[in-house]
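In the two assemblies presented below, chain A is common to both, partnered first by chain B and then by chain C.
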Partner chain A sequence: MKLFARQVCALVKLSFIELWRRNDIFALVLLGLALMVPLSMATPFGAEGASRYLDEMALLLVWGFSLFIALGTGQRLFPPEFESRTIYPLLAKPISRGRLLVGKYIGAVAASWSALAFFYVLFVASVLLRGGTFAAELPQAIVLHFAFVALAVSVSLLGSLLVSASANLTLSALVLVGMFFFGRRLPEYAEGLNPALAWVVKTVYAIAPHSEFFDMRQRLVHGWGAVDGVVFLVALAYAVVYVAILLLLASCVLGRKRL
Partner chain B sequence: MSECPDIVQLEGVTRAFAGTKAVDGLSLKLKAGEVMGFLGTNGAGKTTTIKMMLGLLAPTSGTVKVLGGDPSDPHVRAHIGYMPEVATYYPYLNARELLAFYGGICGLDAKTVRLRADSLLESVGLADAAKRPLKTYSKGMLQRAGIAQALLSDPDLLVLDEPFTGLDPLARIHFRELLRGLKERGKTIFFSSHELGETELLCDRVAIMKKGHCVYQGPVKDIAGDGATNLERLFLKTLEEAK
Partner chain C sequence: MPQVVKGEGALAVAFGDARETISQAFVHKADSYFHGGIDMECDHLAEHGLAAHDDDHDHEDCHDEHDRGEAMQGAFDPWHWINSHVRAPDVHRHLGGGETIELMPWFWASVKADPHNIDAWSTTWYIANNMMKDKDLALRVVTEGLEKNPDDPELLICRGRTIYDNGRGEFAAAREAFSAAVAAAGRMLQRGGSPDERILKARDFAQAYLDEMAKKGMEVRNSRGR
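The block that comes next holds the complex of A and B.
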């Protein structure tokens, strides 16, 4: 257990260093600052609706940035190890492929969470500076967003072991963004289709990662209050089970990968 | 030497890739404290053999035992140090961070890693560059960082894949002395190389591979009596005879 803890700590530290020393993340942070600071200073004629619109925009930016970071971090966990051949000295150490996968995943999620936390600090600051307030929905919204990031990293990690980087990032983004915006409408859409197509749409609905379960932007912006505790816990459990399944699949793929 | 236990034991090992045998029926033993040079032309099966010794590849048939166990077991690998032929490592880390990372993977505590890293960076001549990112390192410096990471866990068996590649003459002499020091400390060393002169200077025994087959195994001191005056002649003669 001590060995595993030290291995995970080393992998988490590696992910943090990698994330925060990357030029693209540095650029993203600067971009975040450049977009959020003007938002915080905007006084849209004192109109409440306009202020909410700014909040919505800021939240959409936070979601976009977090998706970009999560997919990028998940994608970079294994392919660079194979390309630079660092996978050999790494797996020649006392660590199994399964442990390496779990350790790297934890590291990637922790690093992505640190970036998300940074963006939420900016968002909360921008709202407070405009005189806005938050109610009980804020902690729930943040926790669900963190769960979404953990899910997105696992999607990208599995994809990185199966297809090329560009294909993985495109497919993962397409699935997660598609479900985020259209996921809740799929059953309704399936009703109007012929049985074969309806079956396809229903299957997609059953197996695709439901990003929309974690989206509390509207509640946050309009102050609709927190969701029921059970619903909240079910969404978290969904993320945990989905991540576990994806990691299990990734472990099988990595285990069969020829070195 | 005959009373020493076998650190590496390969019995009739074959590894095939899509029907082509990269290693065919290889049997090899390496005793504790021995230094063995593993020679052969490109594609002879040296790296495949090394990967099987590290548990990175499973043999198609035959058995591989390292330190009395299966090298695919992480507990066995805890006693093996490995330096790959080419590795760019993590360009955004510096040498000290690289060793801290590998130390963590080996399960070493922070204090031990710090002490060993200081001493290893000094001994491989990277102490002055320890805080520079690895992306600024030359090939030779990366090789030295690779040697340092291989030695970090103070392994009983050191497996080196082409360790002299990219080293300048001075670094080569320095590295040779480093390996001699390790041998004197009783470490078992197995390395593949194209550098026949270095192999002759360092090894107790050599094995020569050709197209997946081991065509020669013997002590370096016997080479003169084999009709050849040095390892280079023996190497050429063996490969010629194996045609």
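The block that comes next holds the complex of A and C.
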């Protein structure tokens, strides 16, 4: 156990260094500033005082950036190791494929979480600078967002072991973004379709990752208050179970992969 | 067929007729803000038309996240259960008074996307005039709207109503706006084709205001004569 913890710590450290060294985060922050600063200076029809649209836009950017970071981090866990053949010295440590997968996953999630925490610090700072207050539901929203990032990394990790990098990033983004915006409406869409298509849509609804469960943006922006504790725990449990299943599948794929 | 870009500016060139859809999407977003961030399946805010909007309207015929899906699926759907609790508040509420300033950015985006979206202009005017009670803002909105849509009868009525409601002896300016609205509606109706219900309504509405003002003017003159 102690050895496993040390191995995981080493992999987490590596993931942190890799993510922060790439400067992706700083490029995203600059992009965010380029979008948000002109928006914050706008006075629609000369009327001042509207702030919710700024919070909404900022949160949308935080979600978009976190997805970008999570998918990229998940994608870069194994394929570069296979291409540069550094997987051999890694497996010769000795460390099993399963442990390597879990360790790398934890490292990627921790690194992505650090980026997300950085984005939220900037978001809260922007709210406070505009004279806003710290929303009571913010901690819950952040925790659910962290769960979403963990889910996105696992989706990308599994995809990276199955298809090429570009295909994985495209498909993962399509599934997660599609479910984020349209997931809750799928049963409605299925109603108007022929039985075969309706069955496909309902199956997608049943098994696709429901990224929309973790979206508390509207609660934050409009001050609806915190989510009921039971619902919050169920949403977290959903993420844990989903991630576990995806990691199990990834472990099977990695175990069968000819290196 | 020559390709003609309707409207001016980069947005018109880039999006063409899609601007109308984008503009409507922003109006829908504003409607969602009005209902405290919930996507109600109703258009109460956009439906105010020329009559007063009932701020305390109920939603018996509308649906939100809570009832969506429940009506469709008899069996318990755990995904819907999570969604309905995470993404919908327990209490339905409307923005009111000064809070409605939060709707302005979305209407501003809407009319930027499609400056000929009269519904968006008139709803923005309604919010400024009746909900925020900011007559200066209402006049700014309607003036900008008339710059983009000269002689639009509905916007002329909005202008007239704001001036008329000011009640500071600006009846002449209000009468001018209502008369312009009647004349503009008449010109539009003369263009042929089937008469537009909205134009007919606008003409009748402006005329009703003119009649009311004439009646008030008579009463004032009579009281002075006594």
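Throughout what follows, the second predicted complex is superposed on the first by the 234 of 259 C-alpha atoms of A that agree within 3 Å, B and C clash if a C-alpha of one lies under 4 Å from a C-alpha of the other, contacts with A are read in each partner's own complex, and residues count from 1 in each chain.
What we mean here is this: a contact is a pair of C-beta atoms (placed from the backbone, for glycine too) under 8 Å apart; a residue touches a chain by one contact, two chains touch by 3 or more.
Only a predicted model underlies this, so the values are computations on that prediction, with no experimental measurement involved.
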Between chain B and chain C, positioned on chain A by superposition, is the outcome a clash or a fit? fit
Can A:Arg130 be said to touch chain B (first), chain C (second), both, or neither? neither
So, does A:Tyr205 touch the first partner chain B, the second partner chain C, both, or neither? second
Look at A:Arg52 in the shared chain and tell me whether it touches chain B only, chain C only, both, or neither; answer first, second, both or neither. second
After lining up the shared chain so the two structures overlap, which partner does A:Phe213 touch, if you call chain B first and chain C second: first, second, both or neither? second
Is it chain B or chain C that touches the larger share of residues in chain A? C
State whether A:Arg22 touches chain B only (first), chain C only (second), both chains, or neither. first
Specify the angle subtended at the CA centre of chain A by the CA centres of chain B and chain C, expressed in degrees to the nearest 10. 160
Of the partners chain B and chain C, which touch A:Val221 in the superposed model: first, second, both, neither? second
Shortest Cα gap between chain B and chain C in the overlay, whole Å, is 40
In the complex with chain A, residue positions of chain C that touch it: 33, 36-38, 65, 68-69, 72-73, 77-83, 85-87, 89, 98, 101-102, 104-109, 124, 128, 134, 137, 140-141, 144
The chain B residues in contact with chain A across the complex are 51, 54-57, 74-75, 77-78, 80, 82-84, 86-90, 92-93, 97, 100-109, 146, 149-150, 153, 159
Taking the complex as given, what residues does chain A use to touch chain B? 2-3, 6-7, 9-11, 13-14, 17-18, 21-22, 84-86, 88-96, 99, 258-259
Which chain A residues qualify as touching chain C in the complex? 42, 44-47, 49-53, 144, 183-184, 187-188, 191, 205-206, 210, 212-216, 218-219, 221-222, 224-225, 227-228, 231, 234-235, 238
